[in-house]
Each structure stands twice: as structure tokens, then as C-alpha cells.
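What follows is a group of structures, each given as C-alpha cells.
Next, two complexes with chain A in common: one pairs it with chain B, the other with chain C.
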Partner chain A sequence: MTATLRKASMRVGVLVFPGTNSEDETQRACEAVGLFTDLIHWTASLQDVRRYDALILPGGFAYEDRVRAGAIAAHDHLIDAVRQAASDGKPVLGICNGAQILIETGLVPGFDDARHPQAAFAPNAPGGRFLCRHVTMKLNAPPARCIFTQSMQAGALIPAWHSNREGRLSASPAVLDRIVSGDHGVFVYADERGTCTPEAVPNGSRLGIAGMTNVAGNVLALMPHPERDAWTFMHMDAAPERARGDTNAALTPSGGIALFEGLAAALHR
Partner chain B sequence: MKRPAPPIIAGKVPTFAVLGKSDEALGQDARRHGLALTVEELRRIAGGLRRDPTIVEVHAFDAQWSEHCSYKSSRAFLSRLPTEGPNVVVGPGEDAGIVHLGEWKGERYGIVVAHESHNHPSQVVPFEGAATGIGGIVRDVLCMGARVIAVADPLRFGPLDDPHCRYVAQSVVDGIAAYGNAIGVPNIGGDVYFHEGFRDNCLVNVVALGLVKERDIIHSRAPANADGWDLVLVGKATDRSGFGGASFSSLVLDEDDAEANKGAVQVPDPFLKNVLMRATYRAFDVIAEERISVGLKDLGAGGIMGCTAELVAAGGFGATIDLDRCPTSQPDLPPAVLAVGETQERLAWVVPPDFTPRLLAIYNDEYTLPEIAQGARAAVIGRVHTERAYVMRWHGEEVMRVPIDFLTAGIRYERPYELPKRTLPDLTSWLRSIEPNEKGKSPLFQHVVEPYFSSENGSDAPSLEQQLARVLAHRDVCSRRAIFERFDSVVRGSTSIAAGVGDAGVIAPLPGAPFGVALALGGNPRYGAIDPQLAGEFAVREAVENVAAAGAHPMALTDCLNFGNPQEKRQLGEFVAAVDGIARAARAIDVPFISGNVSLYNEAADGGAIPASPIVACIGVLHDLSKVCTPVLKRVGSPLYRLAIPNFGLGGSVFAEIAEMPGPLPLPTASLDAVRAEIAALLTAHARGLVLAAHDISDGGLLVALAEMAFPTQEHSAIGIELSVSPVLDAFSETGGFIVEAAEGDAFEDACVERGAVLHLRDESRRKTGADMIATTVGLQTADARRVLVERIGRTIDGPIFAIPAIEAMSLRTLYEAWSSPLRDFYGDAA
Partner chain C sequence: MTLAVEISLIIPDNEARTAQATLQRLGIDVGELQRMSLWRLEIDAGERDALLEALKSTETIYNPNKNRLRIRDVASPDRAEVWIDEPDSPAAHTGPPYIFAGRALPGVTRLERFVAWRLMDRGGKPAPDHVVERAVETLLCNTAFQRAIR
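Right, the complex of A and B next:
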């Protein structure tokens, strides 16, 4: 009960741009871990957005992904509030299209307080096609490196769905060196047992990176969708056999919900 | 009698002269204007109006009296389908049907289902055609007041060795992906077949599901008290797109508009649709909260005219539309284009005038439609009235005034037809005609029996592993993963079984509630080419069995009937036979049809019809999502069962094609009552938690179904299969029925026997020769073809092995490679 009351004071804002399509499930995942969550429409004022303790940019095709994925949304007026939240140390999470927007703003990897893209989520290789595939993300940095992972075990595995056309991290050798040396690649693709193999990387992403954080560790750009595999019924075949035929177990959050538990833990730290 | 419309004095809009013209001249004029109306129909219009129609009116009738809108050739037969049942909330007749889902927190919920085709556009412009197919079906579901929660696509393509078929097959998938992924509706299934008969005419069908509170259903009609209410057009600004090519060019020639010199296709805009859907959901919430009565309909065939005329006619009203108030993105559109052009991404509301400003504000201000796409907005374009006339005004004058029932009632034809003749042999006599001592001569022996003995007797017949690998690699059997991975099957965060993982796609439609909704399809063109009626029965059976395999109760069916030219007696006969087939099966299995669609004039370049293609979707409900089931084997050491009606006809099978078996071959028919019992048996076992994995026996047959259950969906899973019987005739016959991995063998057998299945024990001990093996299956077949048999056929083992008695164990990895590579190579890494 105390925990609920304490959580109740924390509010998460989920930004909705024209073309966003994953706002509802993102909101549900936040609420499942006890966070009050509002959808923030593109017509909202900056003032509205500043009230939140954490911001999430969900998946979709903001502004039709014109020019390239995330490029237009990165110049939306609400991004000023996102930058503010990031520099205030609030948790900022971008999932899929949200991650593409964050990399376009320069907030990740965010070397030297850049306001321009230093890396890109390029079209998937091979083929440059949309690919919807179940994947496993492995925590590849010390848990303390990123605000979302502080409460996780080292090497934690989080199931998720890769569901994008442009998810392949791409950057110059110099930037990739800094990504490695600064432990920015918080999540990498792995097989279900946690082994990182080339086959486990669905899109040719450099360094096998699935999720990348900023210098301070409070902004996370995550290409796969953990919120799409966040309840047991979404992975019944992988669930313990006792969950079969147990209605409550099927409707219990599990799997990808770990990422949102990480957010809740960060907010209540 | 209907009141005659007053004559219109032709001003800016010319009339289309009918009266006093010869049949020949009239036919020429109709063709010049690109009209599909016949001379007789044109005379009927002029007769009804008692004057020549205006050019706007003639195009309005052309759309409204088309096969697409009026089902003029097919409606007489569609009444044969069962459409009633205790769970039917809205049956056929509106934009979509609705079946009851269940109660949750004191509210009754329904699942909205619509099923459409977009065949012809997809053949001509595959990317846009397939994309607008999704766009249209989504609006059909939306306008019932529903959240759109899933789509699925049955696709039929020509052979991939044909360059144009390759282009169509690639671009259709690209179009579905581009549109469906962007609007944020998961694509949870579908099926794909390749057949010579679709070389010149692909089929792109689409099914969409929605979720609605039953008390918040919005109907496609003006409410009872709608006199004086506003007609509000919402969405994309009207442009030249979607006005039939031929008619457009003849029209503009008449109007001396040199610039617009060609017809245009419908142009999809998923980005606008995404916002339009969300804004409409917002309007639904306001309407439900304040109990405002409204009507809503999507704009499809016939554009503004077709939609608004049907909306108000269904409520017993007429309407006057002011075309000058219709938002456009191009100047100087001719009134006929404004009236019937099929610009995409539009809806029309009937709302009380005191609600109109708020509705406009939701779209135009809150969801900023005008900033999303050029000219997009919500605007009042007309008014409902009790005078039962449909009137359109343009530039200050009436360009259309017709009795509304005359326009919307359409026309009916009772066309002559000739039912297809059945030439297929009876299975039993066919089986007896195969003399066991003809080993080496009979193709059946050569292909089915010899593989078992090839290592012993030095025969050069292919091994069973080679045979199975060939069947697994067949275009209709091999893995569809490369296609399904192009579609977002998990957006909305509700997917339990994603496309391609199970026999049916399964979603949890209502967050927090234990309900699951399963959606699956059936419609095998190999049967359609042989026997349309049986193809109809099989289509229903396959869709229902797929849903049952997933653990869901079949609740409702929809159909899309894709056929040839109804003016050809034989082609219409195929349609009639197929309708009979689906009707018979649906009645026997006791699942009603709640919506559907007919697509005619699907023809090859030489004028022949496509294979009869009754495509059926089944919607199933799981009241407890924790009982959802996939075909993936779960444990080592569990018993494997076949639950099926013995019938080992190889007609229409993939194997018969690969083995080039001489025809005609008997089809694997079954008593439909037995099918019902077989499905009931499986559902009983599901309810008792006795089913670990289940898979239907369809394309490729028994061994294919078993291998597919052992193929890993992820990189884990190395459970193999050890059969205790040697399938022979039944190895590759596509019997229907199920393979089940049971949790407890005895309890599973009991559950099946309780529902009327017969436990079958095969005596394998004395079998020595191929002749014995044939005799065993002939005996099995002729025992009682009306009975459901449940037979323990093997068990699951550790390791990627597929073992069958007396022959070398097959490698599941080898078989998997054969199964997974063909379409991966085409859709995956191909340019």
C-alpha cells in the first residue's frame, strides 16, 4: 500500500505525434508497474510536458517518417521539453520510432552535448525492409550505467519484438569507439540463452546494439518493443507450464515488463 | 409508383441522352463514357426518371447499380447462407457484422468483422491496390463505432516463375506492410497460395476485426429522428484519384478539360488514416459518454454519393448534398468526380446539428486534420430530409435529383447457370482399383509405398525423406515466415499468437480481460480448381479447424467469394456450387456467417475463370486466454494423436501434384456431421487442459503437419517425433482433422470418445509388405467413413529427429531447411 501511494506521486508522459501508433500499449505497461501515465498530444504546450517526472517517446511513424525515420519529429516543438527533461536528469525513454527520434535529436549518444545526430538507425540489413521478429535483449553494460537498468541483474535478458524498417545502428568508426568505451550500448541482441551471436542480430546493427544510452545514462533509445511482450499471454509457449490453464498467470505482466519495472525503480529511488 | 423526378434544365452539366436513341448508339455512348451499365439498364434509369439522366446521375447509377454495390448477380444465392445464431449481434447487411464476445465489468462486448477483396486494383497497381484494400476494410470496421484491433490477408498469386507474378507477389506484400504497419493495426494471419489460375488475376482479400461495446454500436444508417440533421464529410480532401480510368477520360473529353487526361487510381494515405482513426475514436468516446445518436459510414464504391445515399436511405430519408462544400485539393473538379470519385480515407457522419460544431472541432482542431494532409478536414456537406429524394447541387444548380430508393435498391438479376459436373471417382472404388500386386507399375505404389522399401530392394525410388522434403518445399506448404515478418503482427500490444506461429492468429482484444479472439482462414485453390462445392466445404472446415486448434470456440464466419464472370453459365454455376458448399458446411458445423463480400469477373486473359475461390474466415473466442494453444511441441515423451475422419483421397493434394499422379483422383471428403464431432472432441480436450499442442492436417498432409509441429519457431526447441505407425496412403493426403500432443493419453482418448470419436488401434505387428500397408489403410478407410477416429500414432522424443518404423530416421534440420528456404529466398534477401 505504501509502495502504491509512493508510486502515485510519480507521473509519466507518453508523447503522441501525428503517426505515433504504440501509445496505448506503452501507457498500459507503465500503469502495470504502478506509474500514473498520460498521453500527451502534439497540440500540448511545453508547460504541459514539463509537469512529468519521466517522458516516453513511443513507437510509430511520427510525421510519416518523412525525410527519414524520426527526422521531422526531432524538430517538433515538444522536443524542447524532452531536451529539458534529459538535461534535468529525468528518465527519458524512446522505443522504436521514439529511439529514432532521440538519435535524430542528438540526445543519444549525446557526446559533447550535441544537438545534431551523431549516429543513425539506418535501414535494416540485408534488404532494407520492415522486419517483425521476436528478439532477446541482453544487458551489456554494468547495471548502474543506465537509470533504467540500475535495478537489474548484470546480463539480464529482456524479450521484445523487433518491429521496424530502420533499426540498424550505424555510425562512424570514431563514434563507434566512443560508444564502446563509454558503455553506451546498454542492450545488445542475444539468443534466448543470452549468447550473443551474429544470427541473433536481426538487422545488422553495429556492435549488435539494440539499445543505447546517453552520457549521463538517463536517456535510453531502444529499438525493440518490450511493451509488446510484457504479459504472460504474449509468450505462453515460453512461459512455465503451470501458467497454462491459469487465467491469472496468463494476465500477469512478465518478460518485457522488466524494462518498465526498471523505470519505476528509477523514479522511486 | 415512384414519383417522377422533375426535369432538370441542363446548364453547366449536360444530360446523357437515352430517350429516342437506338440500342447501338446508346451502347456506343455508354462505352465512350466508360459506363458499365447495359443498354437495358440505361433505359430503365431513363424510364424511372421519365427523362434523360444528367451526366452526374448516370455515373451515380453506374456505381450504385454495379455488381460491387448491388450484388445484382449474386444476391439471389447468398440467402442460402446461415446468418442467425444466439451470438450474432449484427448480421450481414451493414458495413460489417458483429458477434458477441462476452461480458466484462458489466458491459457486453462484440467483435466487429469485415471481409473484402481488392483483387482488380491489386493486379493493376499491386502496391496501392493492396494498401487501399487494408484502408477500406479498416474503415468498414471503424464506422461501426469500433476500435480496429486486427487484420489478416488471404493472398492468391500466380506462379513465381512469371516475372509479372513475381512483381505482383512482391508489391502486394509491400503495400500491405506499408499501410497496415503505419496505421498501427496488427496483421495476425492470413494465408498465401500460388496457382497457375491466378497468373492474370491475383486475389488480395482482407479481413479486419474491431472491438465495440454492444451498447455503443453505431449503425450505417441515419437514426430515426434524423430529419434536418447534418451530413458531415471527414477525411482526405477529394481529388481526381479513384475515378475509373476509362470513364474519367471520356467524361473530361466531354467537358473539354484537356488537362485531366487520364484516370487515376485510389491513392492510400496511412499517415492521415492513423490520425483519422484516433480522432474518430475520440468522437466515439464523446458520443458514448453523452448518448448522442448518430450514423456513420465509410466512403467506398460510389464515393460521396454511394455513402450518403445509402446512409440516409437505410434510415428512410432523403438528402441534399452541396458539392461546393466538399473539401477538395484540386480546383475545378467536375461534379461527377466530386459525386462518385473514390478518394480514399473518408467517412461520412449523420449528426444532430447541435453536435456538429463539436464533431468538427475534434477533427479540425484537436486532431489538426488540416495540418496532417493538404485540404483534409471535417465539413458539413449536406442535410437529411424526409423527402425521399437524393439531390446534389453544384454551382447553384441541381445536377442530380432522383428518387432515393430507385437509386439505392439497385437491381437484381436471375442469371442462368450450369452447375459443374462431378467427375471424381468414389474413393472406395478407386482404392480397390489399385491392385496390390501391381507394385512397380502403379504410381501410388511407386511414390507412396516403395520409399519404405527402397533401401532393401535396391529400388531407385526416392526415399521418404526426399519425398517429404519435396512436399515441404512446395510453394503452398513452405514457411510463410518471410511474408509474415514483413507485417507488424504485434502493434497494439495485444497479440498472443502472432501471424505464422499458430494455425490461427490470437489477440487479447480487451486489456485486462481474459478473452482471446482467434482469426483463421481457409480456401484452397487446388480444391477450387477441381470441385467448387467441395472447395466451399473445405474452406469452412479449414478455417474452423484452425481456430479450434488454437483452443478457441468457432463463433462466426465471413466469406469473400472470388469468382469469374456471372454472365457465363458455367462460371456462375461454380459460384452457386461453392455457395452451397460453404452453406452446407456452416450449417452442419453450426457457425453463422455475419458478413461477407462477393468479387466477380476474376478472369484469366483467355477468358477462363480463376479457380473457384470461396475464401472463408472464422472468428473464434477463448474465454480463458491461458488455454491458448500453438502447434509447437512442448515436452519430451508425450503421446501424439491423430484426431481425424479417415479419408485418404489424394485429389487436390500437394503430393499428387509433385508425384504427377494421374487423375482424376478422389478428394478427401468427409461427412460434415463427423467434422462437427471431431471439432467438438478437440474443444473438449482443450477445455480439460489435455492439449499441449495441436495442428490441423492440411496442405501437405500428415507428415508435413507433424514436421511443422517439431520445427523450432525460435532457436530453442529440439523436440523430435517417433511414430509408432507407418503412414502410407495417409502420409500425404490432406484429410483435415488434427495432430495433438496430449498431456495425458488416456484422458485425451476418453475426452474424444465421449464426443463420439472411435478409438483406433492399428495392428502393425504383422505387416510385411507394401501390399499389407495398402490393405491396412484401405481397411481403415472403408471401416466407416462417417466416424471420427482417434489414433495414437507416436510420441515426442529428445532431439531433432523424425523417426518412422522400419526406415532410417529423418533429420528435422534437413526438413526444416527444405521448408524454410523457398519463400525466404524470394521475400527475404531477393532484390
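Right, the complex of A and C next:
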């Protein structure tokens, strides 16, 4: 089987709940790395969802974030299929609201096979306001720790957009200890040079965590949006200016696309 | 003195309806679920009526076309009621002065904000304790950053 055919045989399902709003750019990022991707709406059956090789819960405001961000969606019937995929070792990625949903299900950090939340993405500090800010995520665990990062260099830097009201990791001291000892904090906020400073953390997130994985390393809850900084023309550095007048260069996947390349590499492994 | 101000919707509360439907789907039998903004205030003695008038005239807090406002002299949860606190939320625990729409609330020396849920059974009576407990554990409170006060 050629590499192209092998890629084409891998299918990614992007779950869409009422209020999800980042499904198209997520789908485009997957397709940019050669993955067949379908949108799966909340009316789908569990059988529909189970045929996918990986699942992504994109950003937005599922069920209007009623009760808490991600809380209602975490009890949606489709989550049974997400739990099954996670249990089967398939890659499961939650971005922003998708990360909030995953943490509300208990799938991350996922200690002791919990079916209830052990941590939270709480309102940002200070002030509990919506924050939209360009950030840099730094790979903070050994690349092999998480299925999405196994093809990355140690300490890789990935640009993304922090765009949420509830993105501050919060947990009890005991849970935070386990997050540290188990290397669950796969991505932390850093400055553009990769230095982790308090100023680089936009929202007071505990341990500076931007992305957290589960015990097995196949589920990743990522608060910033890599898909919103995944082509050269989107970057905040000088790259778009350098690409001015060169359409191909401007439309080259780069930056945040690394997360999706990591997904593709994991599926082809 | 300490009192509580309850602000609820008189128009349909879709958020409460969604939460109720989710609980029912999870097998937690709640006949009716009511949601309220709940403020616990410490106020100077004699300022109760002035506070009520100030709240009613502050349109960002209370709109008579959509809200019900009630002062409760007992500042603790009723039966089958749970108050959700976010202990480290600056928005829930701010210091004085308490200014809304450019006006200070008279006599208020301390203010805490909660989201309150009241659970009723199918007969309209307060839901049993075990139902409230399950609803809180399953959906209404994430103890990683919230605290349920009953």
C-alpha cells in the first residue's frame, strides 16, 4: 500500500455539538496533513462514531456552555463513543471547548478510570474574563509521553491562539502532584524563545499548563487553538510579510499544523 | 446583618431546562429545576429597604420584565437547594465598594455571589436529599474549582 493510500484509509471524526464553532478549520487542518475527515453531528449514532480511527472535539461553546463550559456535552450520548475510543487507544484530541469537555468527562487526567471531573478549566485569572491572545506552547514532557507528540522534537514550540473564558487549569494539590509526577502536563505556556515565565501564562493556569494528556497518553486536552495558526499567512511573526506576493508560501501549512502532523504520524505508525 | 438576594428568571430558563433534561437522561429524577443568581450580603443595619430599592433601580441586575427579585432574611440554602461557590473566583468574591451601573449599593460591606439551584420532585415538592446529592455530584458542581453549599 502506498503512503498516500495508507493516509487515505485513516479517518478522523470531528464531533459537532450544538454551539461548536471551530469544526471547519479543524477539518481543514486535518486534511492539510492528508487525513480524511468527516464532521459528526450530535444526532449521529454511536456506530457512526466508532468507525473512526481518531476523534477530535473542536472549539466553540457546546450547548452554550450551560451549567459550566463543557459540562452538558460531557454527558452527551456521543461521549460513550469517545470513552470507547480512548479506551481502545485511539487518538482523541480536544481543542479549547473540546478540552473543557474532555476534562469534564474525567478522561483527562483520567486517574483511576474516573468518570467524573478530577480537574477543571476554570475561569481565567484575573477577573474571569474572555481572553484572546496569541501564545506559544512548549512541549514539556518527553515526546514519547503523548501519542500526538511522538514525532516532535523535545521542547518543540507550537504557536496557537488562546481564546476562551475558562482555560485556567485548577485542581486539588493531590491531583496537581499526580499531574506532575505522571508528566500529564504535555504542553505549557512559554514565551517565543521557549522560556517558561509567569508572564507567558495568559490566565493563571496551574503549573502553566496549556495541554494535558491522560494516563495512557492517547487523549490530549489542549486549551489554545493550533488550527488557528496553522498556515504561514496566519502567523504573528514576520513570516506572512516574507510570503507577501507568494501565494504558495503564504498558504503553506506551518506552525500549529505540527499538532495535526503529530496526529497523522500517530495514525500511520 | 447578613441576608441573601435571589434573582431568578420569570421568562423560561433554557439553561435550567437543559440541565434538568440532562439529569433526567442520566436517571436522576428531577421534576423541576430552578436556577437563581444568589448574592449573600452583609449590610449595615437599617439599610435593607434602601438596598432593595437600589437593586430594583439598577437595570444591569434586575429587569422587571424578565427577573424576579427577592430578599431572603435567612442567608443559607433552603431545603433541596444548593449554592455553587467558586472560592478562588475574583468575580464571586470582590471587596467594596460594590458599584453597579455607576451606583454604589448602599450599606453593603461584603458581597459573595453564587449560582443557586433548587430541585423539585414531580409533585412540586423539594426533591429528596439523595436526588439533590446525585445531581450535584453528577452535573451541578465540579469540585476541582467549585464548592457546593447545602
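Note that in this section the second predicted complex is superposed on the first by the 262 of 269 C-alpha atoms of A that agree within 3 Å, B and C clash if a C-alpha of one lies under 4 Å from a C-alpha of the other, contacts with A are read in each partner's own complex, and residues count from 1 in each chain.
Following the convention adopted for this analysis, a contact is a pair of C-beta atoms (placed from the backbone, for glycine too) under 8 Å apart; a residue touches a chain by one contact, two chains touch by 3 or more.
Being a predicted model, the structure only gives us computed values, none of them experimental.
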Worksheet item: So, A:170: does it touch chain B (first), chain C (second), both, or neither?
Response: second
Practice prompt. Classify the contacts of A:262 with the two partner chains as first (chain B alone), second (chain C alone), both, or neither.
Written response: neither
Fill in: Touched partner set for A:118, first chain B, second chain C, both or neither
second
Item to complete: For A:72, select first, second, both or neither according to whether it touches chain B, chain C, the two together, or no partner.
Response: second
Discussion item. I'd like to know which partner A:42 touches here: chain B for first, chain C for second, both or neither.
Written reply: first
Worksheet item: Given the touch rule stated above, what does A:126 touch, chain B (first), chain C (second), both, or neither?
Response: both
Worksheet item: Touching A:34 in the superposition: chain B (first), chain C (second), both, neither?
Response: neither
Practice prompt. Using the touch definition from the top, say if A:234 reaches chain B (first), chain C (second), both or neither.
Written response: first
Worksheet item: Where does A:61 make contact in the superposed view: on chain B (first), on chain C (second), on both, or on neither?
Response: first
Worksheet entry | Most chain A residues touched (candidates chain B, chain C) | B
Worksheet item: Can you list the residues of chain A that meet both chain B and chain C?
Response: 63-64, 126-127
Practice prompt. Quick one: which bits of chain A touch chain C in the complex? Just the residue numbers, please.
Written response: 63-64, 66-68, 71-72, 75, 104, 116-120, 122-123, 125-128, 170-172, 175
Fill in: Sites on chain C touched by chain A in the complex
14-15, 18-19, 22, 25-26, 86, 88-91, 137-140, 142-146
Item to complete: Give every residue of chain A touching chain B within the complex, in rising order.
Response: 18-22, 24-26, 28-29, 41-43, 59-61, 63-64, 126-127, 129-134, 161, 163, 191-193, 199, 225, 227-231, 233-234, 236-237, 241, 243-247, 249-251
Item to complete: Could you pull out which chain B residues touch chain A in their complex?
Response: 177, 181-184, 270-271, 274-275, 366, 368, 371-372, 484-496, 498, 508, 511-512, 514, 516, 624-628, 630, 632, 634-635, 689, 713-716, 828-829
